[in-house]
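Heads up, there are several structures right after this.
Look for subunit A in each of the two complexes below; its partner is subunit B in the first and subunit C in the second.
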Partner chain A sequence: MLTILFDGIAYGMLLFILACGLTVTLGLMNFINLAHGAFAMAGGYVTVVMMNRYGISFYWCLPAAFIVSALIGLLLERTLYQWLYQAPHLDQVLFSIGIVFMAIAATDYFMGGQQQLINLPPELSGRMDVFGVGVGRYRLFTIIVCAALALALQLILSKTRFGSRLRAAVDDRRVAMGLGINVPLVFALTFAFGSGLAGLGGAMGAEILGLDPNFPLKFMIYFLIVVSVGGTSTVSGPFLAALLLGIADVAGKYYVPAIGPFVIYALMIVMLIVRPNGLFSRGGR
Partner chain B sequence: MLNRRMLIAAAGVALSCLAAIPAAAQETIKIGLILPMTGPFASTGRQVSAGVKTFMAMKGDTVAGKKIELVIRDDAGTADQTRRIAQELVVNDGAKVLAGFGLTPLAMAVAPVATQAKIPSVVMAAGTASITKASEYITRTSGTLPQYSLPVGTWAAANKIRKVVTLVSDYGPGIDAEKWFTKEFKAKGGEIVEAVRVPLANPDFAPFLQRVRDAKPDAVFVFLPSGAGSLFMKQFADRGLADAGIKLIATGDVTDDDILNSMGKPAIGTITGHFYATAHDSPENKAYVAAFKKANSDMRPNFMSVGGYDGMALIYAALEKTKGDVTGPAFMAAVKGLSWTSPRGPVSIDPETRDIIQNIYMREVKDVNGELQNVEFQTFKDLKDPEKAEAK
Partner chain C sequence: MSVLPQETTVSANSSTATAETRAAKLMKRRSRIRFYEFIVWIAAIAAYFLLPSKMLILTEIAILALFAVSLDLVLGFAGIVSLGHTAFFGLGAYVAGLLALHFIAEPVTGLIVAGIVSGLLGLLTSFLILRGSDLTRLMTTLGIGLMMAEVANQMAWLTGGADGLSGFSPGPILGLFEFDLFGKVGYLYCVVVLFIGTMIMRRIAFSPFGLSLKAIKGNAMRSAMIAVPGRKRIVIAYTIAAVFAGMAGALLTQTTAFVSPDVLAFHRSADVLLVLVIGGTGYLYGGIFGAILFTLVKDWLSVITPQYWMFYIGLLLVILVLIGRDRLSRWVEYLPERLSKKEDR
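On to the complex of A and B.
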């Protein structure tokens, strides 16, 4: 029972890290970026290449995955994304889904279509007993890292000057610029940070979720569920939503395997009926 | 008015001339190879096409005085595309034989085309038993799920395994595997504690594995498509199921040779039943593996590649027998009862069902000179597909 809860939390945390970058771009920058999973995939493949080809330690791969994905994010933001901030949402969707397909084809071409596997360091594999509850070491590691990140993210957005600039830039771009805030720079950094988080999520998820060129499409639905259930105006909303979905998914599959896969969708529908603007919304826009 | 009529007549004459040209130049035989070369099942397409090309590199591209021309088309793993491509290949490109078909629905989609156009179709990968029943122009060189799930049941019952949980992907092949393993295992006195079906697109196995663990069986029998299988393997080890005394027995899809080596330690000791292992010990296989690795930058051939290789072997052998006649009925008559020595061992085509008859090997994953291999330790000789055998 507690093991199931624990697995659910770990899964939810992972979903959160993967999706929180999307919360940032969608909620704060008001840009629908379906290509978010492509950045996660980039992070995953960075890890695979570093570990399997060059034998670099898993712990170094995590920051590397973050940095590489963030750099790719920065590059694409400067060259492509920034022209679409003012475009209608449909254009943004078409553009970013195009990026997804290009990313899939490119990855397939360079890395092959097979499932990529990594071998974790021994201290992270296996499981241990904590007060009689079987706990997977890697899942515990995931929970700790993700919880720390969630906390840091919340603090950055609500307490730092950068956070308030970002929120100002989002709420009213023209006034923010008039006040001397370098809006394009703020957006570029935010986008890069969101992409970097996705990359980190991809790297951490490679062990649990698997990694192949179709990763961005496979998980797009999960990201969108997390963001739509959680609402896009806060970080804590998606965080709780991700946990809820993770636990519901794992518990649903454990207790009622026959309808397990539907549990999260049912939950999503109920949530959207009850709270159409997300768990913690500031009211409709 | 007269002018227009003459124009139409002229066009008609021109068209019939065009149509006559390929008939006159019947020296080449086109084989339409339809495979998922992109999308989630791209690794299937990659392996099968590599197997096909290895065959042509080893045996040349002429048979019975005809030149064989391959046309490889990508269906991205979606059935409507497979069907459209099959029609195009037959109608526009003049393909005389169709082959490939990575997944059951893809093969099923082609069956009506094969029947209507009387085009022999060679299934090189898809594994649901019922495919060859869909059209009398379909034959198969891979294997069927019942064919290699049943021996795993026989083996388990004979090796002190009493209680088993089955865990399969929830689609055609998975259900085939579950059914035939269960049937054989129960008939030999075993007990199925629980049958778990996992959605095909499933990111995390944690809840299912926990269920298996809590049921405390002697072993868990698994069928999953190869990519998902390797993920499963890792989570199986991580959850400590092996330490809890639960054995992992599976069909060979789970320990796919293509990625077996990157699964690492957790895979060692897994018992699987299947029709081909890269490590199979025979001169034919040694030659095949060497040629395959040379042509494909050291990639390991897996069971899908050998399905492709034998598909070509079947087409060549049938053409030898018909002296180059590729018309549907003559070709299919030649196919029935053909037998040859494949890299996987002796195989033949069942004259009644057009399905393959072959040996199924029980294998254990072992570390052989620093590489993980499926090492064969027991052989079930000349097995037919049990599903169609029973239907009679």
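On to the complex of A and C.
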């Protein structure tokens, strides 16, 4: 029971790291980016290639996954995404689906369609007993890293100058520009950072979530749930939503395997009916 | 995109009585059968005689066209971006398959039952899309689509799970026309259903009802102020679209005598959106033009790169959006509008 809870939390934390970049693009910049999972997949594959082909340590792969995904994100944002911020939602949806399709096919071409496995360093694999509860070491590691990241994000967003610039740009783009904030730059950096986080999540999640070319489609719905349920005005909203989703998913798959996936979708639809603007929205948006 | 820019420039200096006749005339003008519509249907019939070896792909086009036209009613008229339209397509496909397997093999009955069942699902789920923003609708429709796919996958005792549903063969249409080996009857059957379906949806879409849908799409709040019952209209439009999407699914089942779980896959929802984008939204025939182009391109691509055609479909989507999809479908406005030179102003 507690183990399930623990696994659920680890899963939820991962989902949060994967999805929090999307919170910003989707929630704050109002851009429906269904291709977010593609960045996560990029991070995952960077890790796989570095570890399995070049034998680089797992700990070095994580920052590398972050940087590569962030660079890809920056590149795409500057070349493609930025033209579509003002476009209708249908255009954004189509555009990002196109990106997803391209990413899937390209990954299939370069890496093959099979599941990718990574070998965790020995100190992270296996389980240990903490007060009689079986705890996977890797999951513990995941929780610690993700919790630290979540805290850091919250601090960056609320305490630093960049965070206040971002919030200003999101609240009112025109006024923010009038105040001399370089809004496109802020957005580009945020987008890159979000993509980087997704890449990091993908790298860490390769073990738990699995990694194959269909990753962006498989987890698209999860990211969207996190964002839409959690609302977009805070970091804590999506964080709680991700935890909830992770626990519900793991518990659902464990206790009622036959209808496991429904738990999630049903939860989402109910949530959207009851609170169309998210669980923790500040109303009026 | 408005096919008729003139209709917005009604001068306001006429009295009420003439305004009414003017409005009636405008409605008539809007709904008049256009030149290209004849071409489409003549071409569909001509294809039967000219391309006897291409029946299968032509059938595929007709089915996809019906599916896309039904989505256009939701997307182009009511303005709802749906990522789960394939839920209805798939449901219709399964219903038709199960009906043929267990009860009656007569296709038209199956078609109607599939339409009714899909319509019921559409009616039920339409209440979920009334609230919230574009994003909420997107997610709800996506969720419904994924849920249906999951249902089909899990209820293997009924649907055959991942193996799909097979082992049935549709009987003769109305007890008269047997499906033949080359798909000729199947093609004609699909074209007839497509024609009837398109005509019904056309009647709906170009009626005052359809106009009010466009008003809701343009601005939900303003349309509510001129007393358009937005929620009711969306529910009705969504249900009708679901009926025809279900019928399209049933057609696929009946012409291939097989249902695979693929009918509910996400990429189908994306494909049909792409079809509409290629053909243009908001005038129904976009679905047909788009289906023709899309199927030909897909067929061509899957010959060149059997495994990676998805990449080029994605590339096509990205390019289409970046150059502006409106520009693409504007050619329809340049087509000759009428056959005769009857006075209509």
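Quick notes on this one:
The working rule: the second predicted complex is superposed on the first by the 284 of 285 C-alpha atoms of A that agree within 3 Å, B and C clash if a C-alpha of one lies under 4 Å from a C-alpha of the other, contacts with A are read in each partner's own complex, and residues count from 1 in each chain.
Keep this in mind: a contact is a pair of C-beta atoms (placed from the backbone, for glycine too) under 8 Å apart; a residue touches a chain by one contact, two chains touch by 3 or more.
Worth saying up front: this structure is predicted, and the values here are computed from it rather than measured.
Touch criterion not met for A:63: it reaches neither subunit B nor subunit C. Of the two partner chains, both subunit B and subunit C are touched by A:105. Of the two partner chains placed by superposition, only subunit B is touched by A:136; subunit C is not. Using the contact criterion defined above for the overlaid structures, shared-chain residue A:224 touches subunit C, although it does not reach subunit B.
With both structures placed on the common chain, the touch criterion links A:94 to subunit C but leaves subunit B unconnected. When the two complexes are overlaid on their common chain A, residue A:253 makes contact with subunit B while staying clear of subunit C. By the touch criterion defined above, A:273 reaches subunit C but does not reach subunit B.
Touched by subunit B in one complex and by subunit C in the other are residues 104-105, 108, 258, 261 of subunit A. Residues 3-4, 7, 10-11, 52, 104-105, 108, 112-117, 119, 125-127, 134, 136, 138, 207-210, 212-214, 218-219, 222, 249-254, 257-258, 260-261 of subunit A are the ones touching subunit B in the complex.
Those residues of subunit A that touch subunit C in the complex are listed here as 26, 32, 80, 83-84, 87, 89-91, 93-95, 97-106, 108-109, 217, 220-221, 224-225, 228, 258-259, 261-262, 265-266, 268-269, 272-273, 276-277. If you check the complex, the residues on subunit B that touch subunit A are 38-43, 45-46, 196-197, 199, 201-204, 206-208, 210-211, 226-228, 230-231, 234-235, 237-240, 258-259, 262-265.
Residues of subunit C touching subunit A in their complex: 75, 81, 83, 128, 131-136, 138-140, 142-144, 146-147, 150, 154, 266-267, 270, 273-274, 277, 307-311, 313-318, 320-322, 325.
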